[in-house]
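Next up: the structures, one after another.
Shared chain: chain A. Partners: chain B in the first complex, chain C in the second.
Up next, the complex of A and B:
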């Protein structure tokens, strides 16, 4: 892109930047520019190489990786050619970083104050002014009691607080450039709003340029002036945020948009991308457009030679076709199952409470009240969403219903009959209810093959091997996996495939209720859409009920007719999904909904407005 | 990746295999009967020294017994102890660890306390007491060593089991209706197997050393069976006139322990390398 204003020369500019590991081009021909005071969003799913860009700027490429061609300029300085010593001198002064995991980035054995002292000493401040400067910086990031926080240790603070501290640390040297690598990925949605609002305010106050690395389109849409969409180590599309988001030209960007479930508006089926992001080794086989194997538009020309970034209507996209949007085929989406609830109560929780005890040598002391007086019914065939932030008790609820934890008080009834701890009742329970775990990597025994994993539930029956294999094949087909995966182990699969195997295993004995505990939170948007549509198909095929535990309201809205909002171990609101989301009654539900960046980038996002008002 | 730890496994395993072969083939390899006394040639030096003689390649001890033959026959006790003791400690220690780690709660607390108390006795003292109580003999040596050393296995394996229990695939197995025994055998044991194999190798060295200590103080096998420990004890009496009587059995013990540890190290590196997941690209 050409610069509209001549006086605004780019602060950070990459041209043809290529990073190799051996013969693999990890980053290929990366172009972008970031002007002073702007925010450039680097958008991509995991494995796209977006963090690698931050690593090039930080001169922290992993062993075996090196920049082989192209240039990267910071102002007038050449970041690639300059001596490492000079490069390092820039870091922490002119270029600052806000990391992904705030808790991990702070030293647990140092107070917040000493983190600042160390950094300020490095910047050449005298000890006498350090405390004052630190307190100033901490109040700048809206920490209410900076004097108190000064003497605290990182583990005494919440994740959001730690991220504030890190933002204060990043801005204290008044840098020209801040690299924020998924700064809110590990935070709850309400703290995400605060952190992004804060980042934006600090950026405007200092006139800093920010390189904002994220996988969330809606978030980038709210704060970025320009965006670059990354796929498999290539910039596939870049330009002004508005131009890219309102009229995306690359099939990947189009698909990414179509794969994200919406929080309001008409219910539309999600278009899921087939396959998954290629791993580094697969790059070798992708000579042309790296997106071609997943693209519905791709032709032979796409596969043969690399495609350059081409000028489309008002921005750049790496696609040979000018009418990509028209040519993208939306796969047949799953139909939303009828909202009508079937009669017949399947599972009922009757004022269930759960207290975790801290056990000592001879005594048990009550610790956390994870659940307080929770009552909930699920009808046969009903899809119910349980939403809430971390610590709301939603996962505990799922584990209680499954029987992996015992309730401290209250009863759980299946088909009207209470569930106890006897062997028979356990059999009755696991025949009717199954749980799909959050992290499929941890939920699948790494040493077992898919055929054994999928049919784990019939293992006690000593079935013949070929009958078992046949059952596994049926299950794989139901969950959309190729049957040649039967003999693979967990390590040979992608995240989405693992989650499918995990779902297949839960379906093995045709349960009537599936509890899905954050099953898509570890997955990329395009893969998430595959799993969500799979769950809808399973409903059609098996007539199953679903208890969808999720922090993502849009996911729950996509699947569930009824929603339960949990907060601090209690149900604060429940009702039909559409009604609750359109007209939330409880203060917490309203807060939760307004904290989510709106899908339409033209709509205002509350946390940003609040910060704008305050400053 | 296949070369990681390969050299250590080959060298360590090769030495151990060599020792076992020597032990098995002792009657054919040894030039003399290990207990034959040649009173005319007491404390004869090794063959390569000025007064040496190839009829006793490594010299003779203070009763004129051939050092090489005794070394070769001594490998028999070492091989038997070094095979059976690790298996015994492994079975006893790991089973208790798996039960403790799997059931947790009071089962775990009780078993862990027993292990703690057991470990508070000094190992050497405990084995000496046990040997005094039991009659001398190979079986007693093995029993005493197993009873002293199983706690090491138990502690370390239990730690690993507790780590595995946090993984959701254990819960997942439970809700598919797997029995407790099935979960322990199919999900827990394979998970700790690399650790157990590594520990087994270390235990080979420990067992050989413990047996040597016991025979050094004379409470091991029957007196007519040559062992490296007994040779060291005998050699000590004539250490200034004939150091070879002491040096060769000591070298044999050191070599065995080193080989065992080397193989253990190699296997650990090998298994670590397998655990690393290389299918996904770094972000």
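Up next, the complex of A and C:
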């Protein structure tokens, strides 16, 4: 499939590519090249400009953004200079896209079949061959009943199935280049494995080049031939995947690696990167290296002029120094929550069940069994992780413990006494238990200032304003926020700062148990490390217990001494975190663990092996 | 969705409508009996004795308790007999049957004009988003929307009827034309009779009332469709289609419009119901002998059986239209179809 020349000339090449919005350089001096049949990973946190690269390739820059210099070539074609009409003709034929949110990327009022019919007609196929061709394409992506799926609507399929459909749609024109923008970001971990395996198989079968945009280092390590690490609109490091991952040279890449919690090996404290990635407006003030404010080694030379990509041992990095270090911090008294030492039972769930009813005209029919016979204890000061995929009932469990939902059966006991629904019981409950929500942007009232948000719990009390302010200050300090944030509102903060405020608010009344529902899943790796270390510090300071609800096993391993694995509303396995992860007993736990791409890129990853065997 | 389920759903719907009509008929009946007017006052000769007056009342059943009167009325109504008009001395059903077609025609044409023009303008202003044309369209629309139908009606009469003498504005058709009534709808009857001249004359008479009725709807449909298109274009599937190389025209007509139509259809449903209310004043302004004019006469003469009949007719139409709107959701939104 690949000819001699195709092997040497890159299929896609960017050099000095710069995108501006007004006087802001959104992308600065982007260089990369992708050969036919290779996978290039574009790695970066949110706001780094990863998706902007895809937009340049598709000629779909938002209003006000334009390419001001540099070149972008697709084979012999100049993608920057070519007429928009010709550019558009490439899309869906030679260049295909696999989108981020599969459920959203299919038209809800069209059947799967009609999506294909439209696309095939666009590609010039005659109506008579369409159905057969579609069925073929659907079977190719391992959809079991393609004839059935053909007539279904997107909302009748799961996210993983929708992504299969979109992969089939992308490869049906046998494109030269596929751009996959975080194709598994919104999927469960077990579907992620299947989708990545499938993508890799299709890529190999068609000899396609893939631009793989992701924020997950381990994932990129498994499938990419080469990677480019993006930070604040610049490529800070690039080269062969192995070279970049085994010996990263740029302090950002090093810090990013050190900030990711690991699934196996010795427990080590995470080094969390200080501060946050600059926003677009801050680019103006950063003339030189954009990473300088977070770098411990940065000198005046770094700050004054742009730093070029330089050859370092076996790959390129945008750094003047050979041993630069990022400004990182470790949790105080580096210690994971000690292993399951109960200091007396705090919260106890006794065969709790929850059924959601569907209400009809005359009757209530049982709908979903969200929880079945769940029993669980949390001791004072204990960190317990609840893991499982979406629909496993883990969030329902948290909401029941908090009292946001009522259990259908079973009892919940606090300090050995059952919790009822009366006003007094509620007071007792919220004095001891607090919940931190997944999305801090939605959980914080956008019109209230931090000082009011953080001290919401003591608002009903008669209290002098300055006493309240003092309390807020203490809380901010405990959560690692500068006290000059007291008078800010939610819109003025970054995602990590918002989540800290949300945690500060939960701590206000010194609760004994914190329920954290996916509190880091919306955050970037480097910010996630800050929050995880914060939780460890809080444990030290307040002696608090934690119920950590998460789909991320590595996060749970980092924080929790004990883990509970949930599947379809039931607890399928529970025990000490280390033991469960090292020697999982239940089939589902094993599946869950093997679906995660291993931290060490040299380790084989099961989903890829399975696909290699199958093809 | 299988046919059995569909029939069951339709059956349930019809039963619900019947129940609603029953409740409405009770309300209308009771309210009309409670207002302090004497429907027979005009019938009873001024020199009638008390006994004579009583016997006339008894003949109409007005001397019995309300619930008995209602049950009597209901018994007849179920057999398709809504009684006789007190003043008109004709069966109420026949009066309504004569007047209804013109009102339906007026409302239908008004709604159709509103939807078609509104949708066209909505798409046009959407495609012109960000330009001056969009802002002008928006300004004109909000003006059109803030003027009530009857004011449009009067303004049109003054401008196009009296000042410019462009269009006729009295009655549904020049009385020189005589066309046999077959369906009752002039727009159809003139064609059935092969009288194109009469058809054209009828249309000419309808232009202003229809336009007056449509003005507000054009503006509303335009604004709602435009804003839902803006919203739908933010959805990921629009971008995904673009990345597959689908042309902008195909994105608009194949992908976006159908999804954007759902809020617009809801609006049309509400509007359709209100249109019948709007016809009342428009018919009065343009002297159209429809249900609205009949209602005005009935109210003026305290003709209780007639008022009752007309109210019920209006009500039935509104309920029917609502059901049709709900049905169109099923067509537009596959998610509902599968539940």
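Before moving on, here are some points about what is shown:
Quick note on the criterion: the second predicted complex is superposed on the first by the 592 of 615 C-alpha atoms of A that agree within 3 Å, B and C clash if a C-alpha of one lies under 4 Å from a C-alpha of the other, contacts with A are read in each partner's own complex, and residues count from 1 in each chain.
Keep in mind that, in the parts below, a residue touches a chain if its C-beta (ideal position, glycine included) is under 8 Å from a C-beta of that chain, and two chains touch if they have at least 3 such contacts.
Worth saying up front: this structure is predicted, and the values here are computed from it rather than measured.
Look at chain A after the overlay: chain B and chain C fit there side by side. Angle at the C-alpha centre of chain A formed with the centres of chain B and chain C, after superposition on chain A: 30°, rounded to the nearest 10. Contacts of A:358 after superposition on the shared chain: neither chain B nor chain C is touched. By the touch criterion stated above, A:540 is placed in contact with neither chain B nor chain C. Measured by the number of chain A residues touched, the leading partner among chain B and chain C is B.
Contact with chain B, but none with chain C, is seen for A:51 once the two complexes are overlaid on the shared chain. In the superposition on chain A, no contact is made by A:582 with either chain B or chain C. When the two complexes are overlaid on their common chain A, residue A:430 makes contact with chain B while staying clear of chain C.
The least CA distance from chain B to chain C in the superposed model is 7 Å.
Those residues of chain C that touch chain A in the complex are listed here as 235-237, 239-247, 250, 254-255, 258-259, 332-335, 338. Interface of chain A with chain C (complex): residues 58, 60, 88-93, 96-97, 99-101, 104-111, 118-119, 122, 153, 155-156, 166, 169.
The touching residues of chain B, counted against chain A in their complex, run 167-169, 171-179, 182, 186-187, 190-191, 277, 279-283. Looking at the complex, you find that chain A touches chain B at residues 46-52, 62, 279-281, 402-404, 427, 430, 434-435, 437-439, 442-445, 447-448, 456-457, 459-460, 491-494, 502, 505, 508.
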